[in-house]
Amino acid sequence: MNTTSLSKIAWNRIPQARFAMWTLIAGEFVIFGGLIVVYLLNRMKYPGWGEMAMHTNVVAGTINTFVLLTSSFFVVKAHEAAVKKNVEKVKFWIWLTILCALIFLGIKAYEYTHEIHLGFTLSSPALLEQGKHVETLYWALYYTMTGLHGLHVVGGALALFFVMRNVAKTKSYFHRIEAAGLYWHMVDIIWIFLFPLIYLIH
Amino acid sequence: MTMSTTHENKGFWHRFFFSLDHKDIGLQYLITTMFIAFFAGIFAMVFRIHLAFPDYHIPLFGIIDAKEYNILVTNHGLIMVLWLSMGILLATAGNYLIPTMLGTDDMAFPKLNKLSYWFFLLSVIILIISFFLPQKGFGGGWTLYPPLSVGDFGYNTPYKTFSDRFFSSNTFVLLAIALEFVALLMGGINFMVTLFNKRAKGMGLLQVPLLVWMIVIASILFMFSVGPLVAGTFMLLLDINAGTGFYDASRGGDPLLWEHLFWFFGHPEVYVILLPGLGILAEVITTNARKTLFGYKFILVLVLIATVLSLMVWAHHQFVAGVDPRAATVFGILTIIISLPFAGVILSFLATLWKSNLRLTLPMKWAMSAIVLFTILGGFTGLHLGAALFDMYAHDTSFVVAHFHYTLIPVVIFAGMAGFYHWFNKFSGRELNQFLGNLHFWLTFIFFNGFGIPLFLLGLAGQPRRYAGYDHIPYLSEGYLPLLREIATISAVILVLSQFIFIFNFIWSVYKGKKVTSNNPWQSTTLEWQTSSPPPHGNFEVYPVVYHGPYEYNRPGVDKDFLPQNQKI
Amino acid sequence: MKIFPENVSVYGDDIDFLFWLITIVAGLATLIVLFLVIYPVLTRKKHKAKENIYVKGEGFKQLKWIYLAIFVMAVADFSFLIIESDGWIKTQETLPEKDFHVAIVGKQWLWEIIYPGPDGKLYTSDDVKKFNTMIVPQDAVIHMDLTAYDVLHSVFIPHARFKFDCLPGRKITRWVEFTKSGEYPMVCAEMCGVGHSRMVGKVVVLPQEKFEKELAKIYKK
């Protein structure tokens, strides 16, 4: 006895997976919202922060933004395919989405390497030595926000992968593509907020 | 345990690991919560004995020093607020009762439900490990304020390398909390989707028992308020382990930031605890007053208003913390306002009692005491603390400790026990021993007040909280103040020991208690009472169809004094 | 029966009065709540006609008593707010002209008291640092600059009804005025580690001439 016998003992119309996912997304927005508020408050407190943002790689950030937007388009195509129950097309579009995730992570890794090389880390001891205490906070927030987002990219990609594999094996559970896709859109939207705030503030 | 399900032939451990049945999961939460709360209760006994009788060698603990005191006090608070309260009122009650009261087979996502329990259990294990790390436990107050919580409290334990700091009580307590939040978030999603999608046929949203609504609203409130604290906890972990300075003033950070993030969650958290308690009271009161709930819709509206307001009052914990005093005024106003919807809810419960043919059963005694103690000694002292000018004096004194014990214990213990005594025969098929139950009730009632009232007086005398001792401070050692501490301590010890009567009664009755002769001994109207005790796997042989609201007691035109929800008029 | 420590502060009466006002009003509400709980218990065995007791609590007519109760509570609550707002503004948002200026630094686990030195100004090179005992003049407005060295602390002087947190990296100024000479304890009211209960200092309030003599002694050392 489990919930797939839904039709016998429930008569409501809200599709479950979608409902649950929206709830999860709302929760995630509050978490990232908290971080963004912290970032904004600190930015208002320390106007000199703009200087630090100049060391971020705006080109890389812009490319990544397009990569994520494109991946969201791919996931929409995957959902279309799922609605039509076309397993092959679902696999195709999901693989493209995951490819975009990998490109995003690769570019991010390149950025991080470069920034760490310049001495900007979570605690930035080099900056501390120069007496630039307040600036270290910028980088702490930079890594925290983009790092947490990056973890969500990894999580989202893994979710898409496992859902796709399950669909390919069982030729059913297509509604899960939509749920995973929603999660992916959330990851994309959070980046749309982070990018201007962190990279473009001056 | 006589829990009849299609898993009947499977052993205890098979069910522990593999059962997806919400009832099994609910009981797992119950046992795990009671286990960890046992320690929190012992901690309280130990540190209270130390305060009143500092030279006494406490068995197993010896004479407590300040470091041990801080660890005991901190973890008592953490366990009781974060694990016991939500473990019983949200996880246990929600898991066991939501599908049964809704007339359905299980939660919307049974596997997610099981996963949430594993996260919860893991959080308890990580918490227990924190007591075996070099710091011997986190000792910075349950509120975890940095900069104190970032360092090692002056314990002189190794704290230099990444490994020292990662394997510290600080990090482990924060990880335990984070894991528990994940468990509750998963549970919350389950509760919410189940309420909206899996109600019995004919059960409109306004015919759902109030307890289910309360748990779901509490879960939604939890989900929205915990986000910033999750972010804040992540930042605190980074401050401890990665050398960041989010809360370090010398690095551009701010300790006040933590206070805001913490209390933004911390205040709604008390309503996350209160709402299910109120829900349990609604169920117990209607059943035992043989009277329909007064103001079902009214209560729902009031609760929704209060829920929204609860997100706007957090800084009343920070009146003298360094926030702008003009902001304090705004928070003070909102705090005063939030007392009004809850007054309305309590008055609705009292209106339900009014002119009723009430039965003074054990659950009813617990329920009525909960209302009296919560409202009078908890709620009204909230007015004192909400008035910022008086709070300047009373903040961080024993007055606050008394206030929150009078809001939390009536809700978690008294309302929780009302629920437990009410539903025990449903989940076990047996009755609790009445004599032991009455003994438990009266001892708890008397000695809880014996603990709480002296604490109010001590706070008014200017006794600060979280102190490892007061005998070296003249103004706190004169007059009747030491006597008050002794009365509070002896009462607290008896209070904790009385709970063992309950534990003995629980375990004994599960195996040897008198079997119930009816599925519905309380003659209650809600759906969980219209199936066997305990319900079978899947809850109902035939799924009920609902014809009216959940509290049709003494309805004109009906012969019996109650009409179950699945019975036509 | 003495509930509070003796009040020796110019604004202490406001605080004590507020307490008693709220307590008395809450006391009246308590009697009402107790009645509403005890009376149904005492009259519970009486048989009630179903028409009288099946009350759903819908509509204005049925809810009017609760609306009234909430209204009365709101009026009482707002009166408390209005009464306390004067005192709150006085103690937190205004700084009367100072007669004496001193800084208190909370440290694990003692109070550093910084006197302004013979030039009368704080944060100059002739400031004098002492520990745990703070001497101040009676009947004078004393500005206290509060800060902390390491973690959060909080200055609590019960007889003055004064409390405020000390934050590292921030300087917050509040004021007191003592109406009576004597020695009054000053304790820490924010968890700060193992020595939290040991941070017991004292405020020594002296009449003006005695105070000046003592201060001169401190400055000479």
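Note that the chains are named A, B and C in the order they appear, and that numbering of residues resets to 1 at the start of each chain.
Here is the rule we go by: a contact is a pair of C-beta atoms (placed from the backbone, for glycine too) under 8 Å apart; a residue touches a chain by one contact, two chains touch by 3 or more.
It should be emphasised that the depicted structure is a prediction, and the values quoted were computed from it without experimental measurement.
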Touch-based graph of the chains, sorted into line, ring, star, complete or other: line
Centroid-based (C-alpha) most distant chain relative to subunit C: A
Chain centre separation in whole Å, for subunit C relative to subunit B (CA means): 29
Computed distance of Cα centres, subunit B from subunit A, in Å: 34
Subunit A-subunit C separation of Cα centroids, rounded to whole Å: 47
Multi-chain contact sites of subunit A, meaning residues that touch two or more partners: none
For subunit B, residues that touch 2 or more chains besides their own: 250
Residues of subunit B that touch subunit C when the two form their complex: 65-67, 70, 139-141, 143, 145-148, 151, 153-155, 249-250, 254-256, 289, 291-298, 320-322, 325-326, 328-329, 332-333, 336-337, 339-340, 343-344, 346-348, 350-360, 368, 371-372, 375-376, 380-381, 383-384, 387-390, 392-393, 395-397, 457, 460-462, 464, 466-470, 472-475, 479, 553-556
Subunit B to subunit A touching residues, read off their complex: 6, 20, 103-110, 185, 188-189, 192-193, 196-201, 223-232, 234-235, 238, 242-246, 250-253, 257, 261, 537-538, 543
Subunit C to subunit B touching residues, read off their complex: 2-5, 14-15, 18-19, 22-23, 26, 29-30, 33-34, 36-37, 39-41, 43-48, 50-58, 62-63, 65-66, 69-70, 73-74, 77-78, 80-81, 84-85, 87-89, 91-93, 108, 150-152, 154, 156, 158-159, 161-165, 167-170, 172, 185, 187-198, 200
Subunit B-facing residues of subunit A, complex: 1-3, 5-6, 8-12, 14, 16, 19-20, 23-24, 26-35, 37-38, 41-42, 46, 122-123, 125, 128, 133-137, 140-141, 144, 148
